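In the two complexes that follow, chain A is the common piece, with chain B as its partner first and chain C second.
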Partner chain A sequence: MPLIALVGLVVALTVADPDFLTLRSLTAVSRTAAPLIVLAAGATLIVLCGGIDLSIAALASLSTVLLALWLPDLGGLATPVVIAVAAAIGAVQGLAHVLLRIPSFIVTLGGMSILSAVALVVSGAGTVRVVDDSTVKWLELYVAGYVPMSAAMALLVVALIAAVVKATPLHSWISATGYSESAARLAGTPVDLVKIGAFCVSGACAGFAAVMLVSRQFSGGPTMADNLLLPAVAAIVVGGTAITGGHGSLWRSLAGALVVTLLRVGLPIVGVPSAYEQILYGVIIVVAVALTLDWSKVSIIK
Partner chain B sequence: MTVTTGVAASRRIIRRGAAFRDAGPPVALVVIFLIFAALSPQFRSIANVQNIVDAAAVLAVVTCGITFVLMMGSIDLSSAGVMGASALTVSLLVANNRNDNDFGLAGIAAAIVLGCAFGFLSGLALVLLKVPSFMATLGVSAIGLGVATLMFAGVQPNISDAMLKSWAIDRFLGLSYLTWIAAACILAGWLIQRYTRLGRYAFAIGGAEEVLTLSGVRVKPYKVAVFTVAGAFYGLAGVMVTSQLGAGLVQAGNGYDFSAITAAVVGGTLLTGGRGGILHSTVGVLLVMVLTNGLVQIGVSPYWQGGVEGLIVVAAVAAAVIPQRRRNQVVK
Partner chain C sequence: MSVPAEREPATSAPVPALEVRGLVKHYPGVKALDGVDLVVRQHEVLGLAGENGAGKSTLLKALVGLVTPDAGEIYVRGGAVKLRSVVEAANHGIGMVFQEQSLVPNLTAAENILLGSEGAAVRRGVYRWDVMRRLAQEQLDKIGSKIDPLARTDTLSFADRQMVEIAKVLRIEQRSQHPPVIILDEPTSVLESKEIDTLFAQIRRLREFASVVFVSHRLDEVLDVCDRVTVLRGGQSVGEVATAGAVPRELHRMMIGSTGSDDHYHENAAEPVEAEQPRLSVRGLSGKSFRDIDLDVAAGEIVAIVGVHGSGREDVCRALFGIEPTSAGEIRMDGKKISLPNTRAACAAGIGYVPAERKIEGMVGPMSVAENMTLTKQKARCAGPFVVPKKQAGLVDRWIERLSIRTPTRDTAIQRLSGGNQQKVVLARWLIGGDIRLLLLDHPTRGLDIGARSEVYRLMRELAASGVATVLLADSLEEAIGMADRILVMNDGRVATEVGCPSGGKPSPLDLVKEMV
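This part shows the complex of A and B:
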């Protein structure tokens, strides 16, 4: 389904503007999509477990600030350190969710608020400019001359996580947790560890998305990635991953992220003001969630 | 015999537990107020207390709305978007610098009705499409922000309507009109919660929806109605923010969604539903306002406000969940 939507969108945009299907605009689209793909990929794991992560965008914003602040001192080490810190923050949220038994959306909603506040304080509520960006510049290179490095890395991240999940028992653990947590627990699945791990990977992905954003914008800002939350959630649900958990995959979110990016890029081409973008996200989220919902599981919806 | 005394005793313990739980937030409010009053001379001035109460007005109205939703065990993240849309609506319908409209009270009513419509939409998405409320309201919030951006159209509408502007400036008994409006909302909310079928059923839905359904109550219309009522409160809150700012802004509701959840949860309204209420939430609103005001007064950066609220929510929810850890094994 998301693939059909993707092809349909490309065709429609090509009809609307024949210049769309050129190398230059396609590389531009893939570069725009890269951070979104990474964010959505990480959060997909959590959705597969039946939870949700609303803090990814705020965490990415905080990570851009940290990266911009640490680049002068740490140089090349700054990137892995920031990703590790982001992963640790994700893991802390996962721990809070599992140990304190708080619903994941509340933990991450609180996390979103806390992380935004930290980003504001650390950055002094302003943009942190990156003077020497030589260590994150590699993301702006091109693979084989045409494919932007950031897009290639995004693909690599999705492929890597998907491969690891597929090759290990993680695959069945995650879907068991998502489909029926109590049954998974009784069957001896390490549900708590799986969930914490998912949050940890989601945090790391947010950190990596932040590296991409910094390399593109030469700066970090406390609200830089905040507007990526809705597109990321939309990408996951448009891809067909059920919000109730269990059903879905990372590749679907990749397709979803591309669909969302194309819509974003395509609206001005078709002549629709970009103010409709927000409305579109809202409608997409509601409709896609309704379509992909596992109706057998939901006798009572809160 | 022993059995009955046992039951009576346990019931008394439960009741004492409930009393303790209900007393917690007000006691915390008084304690925190006294601590800040001891720490900061500016904090304990009459003017600052007026400030706190006036600053609480908008949050109180938003919290009134969200409390009904939380009582059902649902959640509402739509207030930011709905407030933005209603702020733009009212600023374009009363006397302003963008067009020749001058509808006065009718414009305000239109903004509230728009809020109702958004709430209705959230309710329908929940009931008909079965979309979980946090997703449905996240979507509706985005739609509201989009509608607001469309109406904003790049030019900020400044209002010149004398009545709406006076709401934020003129005072009655030392408090601004907005504060009195908020007080009226709290009263209205309490009356709805206490004496109408809507309020009673909202409680019952949160407590045990299955039981209610099995006893023949058609739950769905009430759910939609609750979201609609909440939308009306957000619409009014958008109008109030417009009165404060003197202009309609898309970001009018920024942060209120989360602050309102914080206030309601801190006041003792459980996210699982069936507990708390308007008066609890009002105490929660004052708690949040005293805390944020007090922290600024003793020299903490205002940027920390969101962080403090985030910590409070997580802590309050965790504290509320601890007694029933066994019961809900599955937490999503």
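This part shows the complex of A and C:
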């Protein structure tokens, strides 16, 4: 289904603007999509567990600031350190969710607010320029001459997480947690660990998305990734992952992220001002959830 | 709508208040109702008896429009009706007091009584408290209750809340101009004996101006308060008895059916238990709803815990699986002291749990048979951290065959199987590791038909023979007596007594009931 939407969009955009289907614009699209794909991939794990992570964009913004601040001192180490810190912040939110028994929606809503404020304070409420970007510039290279490194890395992240989940009992643990947490718990699956792990990976993904953003913009900013929250959630639901948990996959979110990016790129092509973008995301999320909900109902009754 | 069809000649009996003919209802894999007939006369209290799974609750739901039957007719005062919702049922004068109370706790009794049928108590969208109070008082007067209509519902006792429910249900008199039919679904299950007396007085009062359908699985109650009893078994009405002069034993035989006598519980497969060191040994276990529980279960032994609702037996069972917290006491497995802070610890100790709510807690409906079966034990299907698909498939297929689970494939979603096969998958979950030492079975046959029950019983015998210790919370006293080697009677959070229950020396249900209440 998301694949059909994807192909349909490419065709429609090509009709609207014959220049669209060029190597140049495709590379541009895939490069734009890369951070979104990574963000959505991490958050998909949490949605599969039946929760949601609203803090990913704010965490990514904070991570761009931290990376920009730490690059001069840490150099090449800055990237792994930032990802590790982001993962730790994710895990803390997961712990709060599990131990305090607060809905993930509330924990990450609070987290979003806190992390945004921390980013503002740490950055002095302004953009932090990166003077020497030699250690993050590799993401701007091309694989085999054409494929942007960032897009390849995004693909790699999705493939890696998806493969680990698929090949281990994590697959059934995550689905069981998402479909029916009480049944999963009574079957003796490590529900709490699975959830904390999902938050941790989601945090790490936000950190990695931040590295991509910094490498492209040569700076970090306290609100740099904030406008990615809605697209990321849209990517997950457009991909067909059930917002109620259990049903879905990371690959679906990858396709969803490409759809969302194409829509974003395509709006100006068909003459819609980009100010309308947010309306589009809002509509997409509601419609996509309505569609996926209906589907899962049908499959349960049958 | 409820235009009565041609009245019967005056010489014969008056038209029944409610009549059901040939009602059929299928659920996937189960025929819940298989042609039920039922007659409720005017101004009588009709008892509805039957074991769990006999179709009582489905029938009641059909009578109040919550379930649409596949076939069959419902007649109200002689006229055929279609009941598509609770409101339509109420328009025909049929109302039900639900087993789980349906009152809103933070509203007053008056508000609850008038909820959904405010009538004159609301004018132009605004509550008129004085009218509401008066209308509610009228309802309470009908049943002679002294409850203050302006008391908050959550400050009332359980029995008083039930009175509020009855007063609420009687509002349907406003909708139809005829004497109503009031259905009481297991109204006594959470009441104390004194409260039950009050309720029964109330039911006799109701008879003056209504017909009552009284549902209980306790035969003594049915015989006490009802004029007539209809017995359901396997979705059919198997008998109708006037309570005057009826013998409990006879009714009971009708409920269980003749199949019950033919070694339904596979007693000939029961093996004597060798007394040695107990597998499970619990001393002084206390928690929120139970105190000082001592319990020993030997390998190969089936110990049933019986008790009324609120006796704490479910919580004891859940405490043994690390779900319910405990405040004192110790638990030993094969002599070794263990602590059970969570379900993981219990699994690691070789304890398995089959929850009562199979569909919610026992299985993950949309997931496959294979995934549901392998959710717990990883070693059996993995190499290192990785699942080996071939190993998993072989393992699952082996157990599907061994327990003769009827499923199209191992990848079929478990929710598509019948209840009995679902339960076997849930049981298999604990067996595939080969390291199960203690099984906690919480109503393992709930909602299963007789054939499926029998298979679960056979499986329990096999497991016991292989040395698994079993704690059983049975669905009925008969099941407990049939299956157990020993029975613990719990009452109000404590072990009241312990009764030996060997094959050939079974106690009678009445012996146990005495200790339960």
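The rule we apply is simple: the second predicted complex is superposed on the first by the 293 of 302 C-alpha atoms of A that agree within 3 Å, B and C clash if a C-alpha of one lies under 4 Å from a C-alpha of the other, contacts with A are read in each partner's own complex, and residues count from 1 in each chain.
Quick note on the criterion: a contact is a pair of C-beta atoms (placed from the backbone, for glycine too) under 8 Å apart; a residue touches a chain by one contact, two chains touch by 3 or more.
Only a predicted model underlies this, so the values are computations on that prediction, with no experimental measurement involved.
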*Touched partner set for A:Gly246, first chain B, second chain C, both or neither*: second
*Could you look at A:Val283 and tell me whether it touches chain B, chain C, both or neither (first, second, both, neither)?*
first
*Which superposed partner A:Ala210 touches (first chain B, second chain C, both, neither)*: neither
*Which holds for A:Ile102: it touches chain B only (first), chain C only (second), both, or neither?*
first
*Of chain B and chain C, which one touches more of chain A's residues?*
B
*Of the two partner chains, chain B (first) and chain C (second), which one does A:Leu120 touch, if any: first, second, both, or neither?*
first
*Who does A:Arg185 touch here: chain B (first), chain C (second), both, or neither?*
both
_Under the stated touch criterion, which partner chain does A:Leu36 make contact with: chain B (first), chain C (second), both, or neither?_
neither
*Applying the touch criterion given at the start, work out whether A:Ser172 contacts chain B, chain C, both or neither, answering first, second, both or neither.*
second
*Under the contact definition given at the top, report the residues of chain A touching chain B in one complex and chain C in the other.*
182, 185, 300
_Residue numbers on chain A that touch chain B, as the complex places them_ = 50-52, 96-97, 100-107, 109-114, 116-118, 120-121, 125, 181-182, 185, 230, 233, 237, 243, 245, 273, 275-287, 289-290, 293, 295, 298, 300-302
*How about chain A: which of its residues touch chain C in the complex?*
167-169, 171-173, 175-176, 179-180, 182-190, 246-247, 296, 299-300
*Okay, in this complex, where on chain B does chain A touch?*
72-75, 77, 81, 125-126, 129-136, 138-147, 149-150, 209-210, 258, 261, 271, 273, 301, 303-311, 313-314, 317-318, 321, 325, 328-332
*For chain C, which residues are in contact with chain A within the complex?*
321, 323, 343-344, 346-347, 353, 355, 360-367, 371-372, 374-376, 378, 381-382, 385-387, 415, 429
